[in-house]
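Common to both upcoming complexes is subunit A, partnered first by subunit B, then by subunit C.
Showing the complex of A and B:
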């Protein structure tokens, strides 16, 4: 596999292709680099993180290439950050289940948010692993080529523990 | 390596309708369902219609059949029992290094958040590790969490692992158990039907949820038995349209069907087993995708009228039942269907139909705009 681009976002630093491009948090990065997608503010934290990572790393990719791209993401927490928030809306003494939160209680929604923004019609897949294991991630992504033929694959780790602990470590790769 | 033949060598379904694939097939063929109204269950203020395990009965069975389960949860025990039965059927040695375990689930043990928001059992990978360890398998298991399409995606993941040559056997387990968390969420979405669902019907008003687990075991290499099931083609596509509503043009599902039809002729397909959740939008979207793929005349069927939507299990159990149907020369009826209620007049029926075809296609769609499909063909002599 050839790596076309790489982004790493943590609460303190955002690296794009080996250079620090921002020291802002997720909302700050949105304001600095994006700003034209109000739906961003409806997303949960995991989706916001994946969304801004995709936004920065996909800059310059043509619509034609994006249409046939795949998105294959991995993490440890799944959608637990929003699962916990949703759980708090269904307590016995305070039962007001929120559909706006419930839809984000699936980790693969982040792949859908990225696909919608960039009109990516290829594969979208989400896997949960015990910890960030780059060898395993590369292995799974390489094997995607055995049954599909994407123009490129947006792949990597996107995990949201809490507001002080999150990481997106995402690459664009091609065969 | 792409020429390697992948076959299914064993399977199991545990559901409210039975604890083997055969029991489930017979129950479906005779029109049984455990979809019924539940009041007060899971402490929910509103009643709902679902297919639930009888907790007392199934727990007795789990305790009787599983030994040294240690700290396994209800969900994990069900997965273990299903996998154990499939493993015994094909005499697989699950601890061998050439075996990988793949788990398909949407919410795993999410019910434990109710008492502890940081309960470690809610990490999906922990469940997969415990299940693989029960069988003495030390390879890193994979958890596919792709919403409603997880069951087919887990099969696709297994097929890729076997095509690559890294593993020889893959044990694919799919399951979900219902809880206050899941049912309240679907209720808040206004997606549930208060009565038994009516897939593709003009009066359909929503889906039912259901509980089940299923296991399929795959092998790479030439089959040793006659009458094997061979993997033919698979595909996953996103709608790039909406996170909780299906595409109005059926785009992702159409692309999935188009990919699969490049590898198998329409005249070889006995039926397409659809997702058919019985929501207004899903069934309409699927009918559009089927029409665009020139499949209006090919028989289709949906099994949600027997089980409800079993989430992470759906893709697995519906694939197994489709295999059983072809083996018996039948197309299973779409229970709950009466009068066509989609824009395109797809070939669907609530009666048992005959087929002499050897292949079928299974499709699913779900939240996140995701769509997946897979096709299998029954082989002749080995």
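Showing the complex of A and C:
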């Protein structure tokens, strides 16, 4: 497997291909490098994290290559932060559930947000693991090539625990 | 009516997370869906919840929605006629 690009985003640093490119938080990175996708602000935290990682790592990839790419992401917390937020909106007897929150109570929505933005039509999947298990991740990614022939795969770990604890560790890989 | 329009603008900015936008940026007559603010179907559900939570209005006829949610002005007119709180 060949790594084409690598990004790592934490609350304090964003690394792209081995270089620190930002010290901003997620909204700050959006304003620094993106800024043209108002739907970003409607996303939940997990989707925002995956979205900005994809924006930065996919720069330079052609629409033709992106069209046939795959997305395979992993994390530990699923969509727990949004599940909690949504639960708070329905805790009261006279509750008013939030549809905009509810739609993000699934971790795999982040793969959809990335696919919509970049017109990626290949297969996508999201796995929840007990921890960042690189052996398992590599195994799943390798198996993707048994059933399809993506131009590249956007894959890695995208986990949002809370505003002080999140990480995106994502690669573009190809055979 | 002007106060209600301003209040609705601010409430919509808050519930729809329209960051970087102020009440002055929203034309009360502009379409909310498609062009204009470019809202989507989930935003429409949020607006329905907003009317119930803030003004005690339950939309009984979904077919009315298209006309009511045409613009901020049309929402304000509907709220002023039907509000329970």
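Everything that follows uses one rule, which is that the second predicted complex is superposed on the first by the 173 of 175 C-alpha atoms of A that agree within 3 Å, B and C clash if a C-alpha of one lies under 4 Å from a C-alpha of the other, contacts with A are read in each partner's own complex, and residues count from 1 in each chain.
Basically, a contact is a pair of C-beta atoms (placed from the backbone, for glycine too) under 8 Å apart; a residue touches a chain by one contact, two chains touch by 3 or more.
Keep in mind that this is a model prediction, so the values were computed, not measured.
Student: Is it subunit B or subunit C that touches the larger share of residues in subunit A?
Tutor: B
Student: In the superposed arrangement, does A:38 touch subunit B (first), subunit C (second), both or neither?
Tutor: second
Student: With both complexes superposed on chain A, which partner does A:98 reach: first (subunit B), second (subunit C), both or neither?
Tutor: Both partners, subunit B and subunit C.
Student: Looking at A:15, would you say it contacts subunit B, subunit C, both, or neither? Reply first, second, both or neither.
Tutor: neither
Student: Go through the superposed model and pick first if A:139 touches only subunit B, second if only subunit C, both, or neither.
Tutor: first
Student: Who does A:76 touch here: subunit B (first), subunit C (second), both, or neither?
Tutor: The answer is first: A:76 touches subunit B but not subunit C.
Student: State whether A:126 touches subunit B only (first), subunit C only (second), both chains, or neither.
Tutor: first
Student: Which positions of subunit A sit in both the subunit B and the subunit C interface?
Tutor: Of subunit A, residues 97-99, 103 contact subunit B in one complex and subunit C in the other.
Student: Contact residues on subunit C for subunit A in the complex?
Tutor: 15-20, 38, 42-43, 45-46, 49, 52-53
Student: Inside the complex, what are the residues of subunit A that reach subunit C?
Tutor: Contact set of subunit A toward subunit C: 27, 38, 41-42, 96-100, 103.
Student: Can you name the residues of subunit A that touch subunit B in the complex?
Tutor: On the subunit A side, the touching residues are 71, 76-78, 80, 83-84, 86-88, 90, 92, 95, 97-99, 102-103, 105-109, 111-113, 115-116, 118-130, 133, 136, 139-140, 142-144, 146-148.
Student: Considering the complex alone, what residue numbers of subunit B touch subunit A?
Tutor: So the residues of subunit B in touch with subunit A come to 1-2, 43, 45, 106-107, 110, 113-114, 117, 122-126, 128-129, 140, 142-147, 153, 156-157, 159-161, 163-164, 166, 180-181, 184-190, 233-244, 251-252, 255, 367-370.
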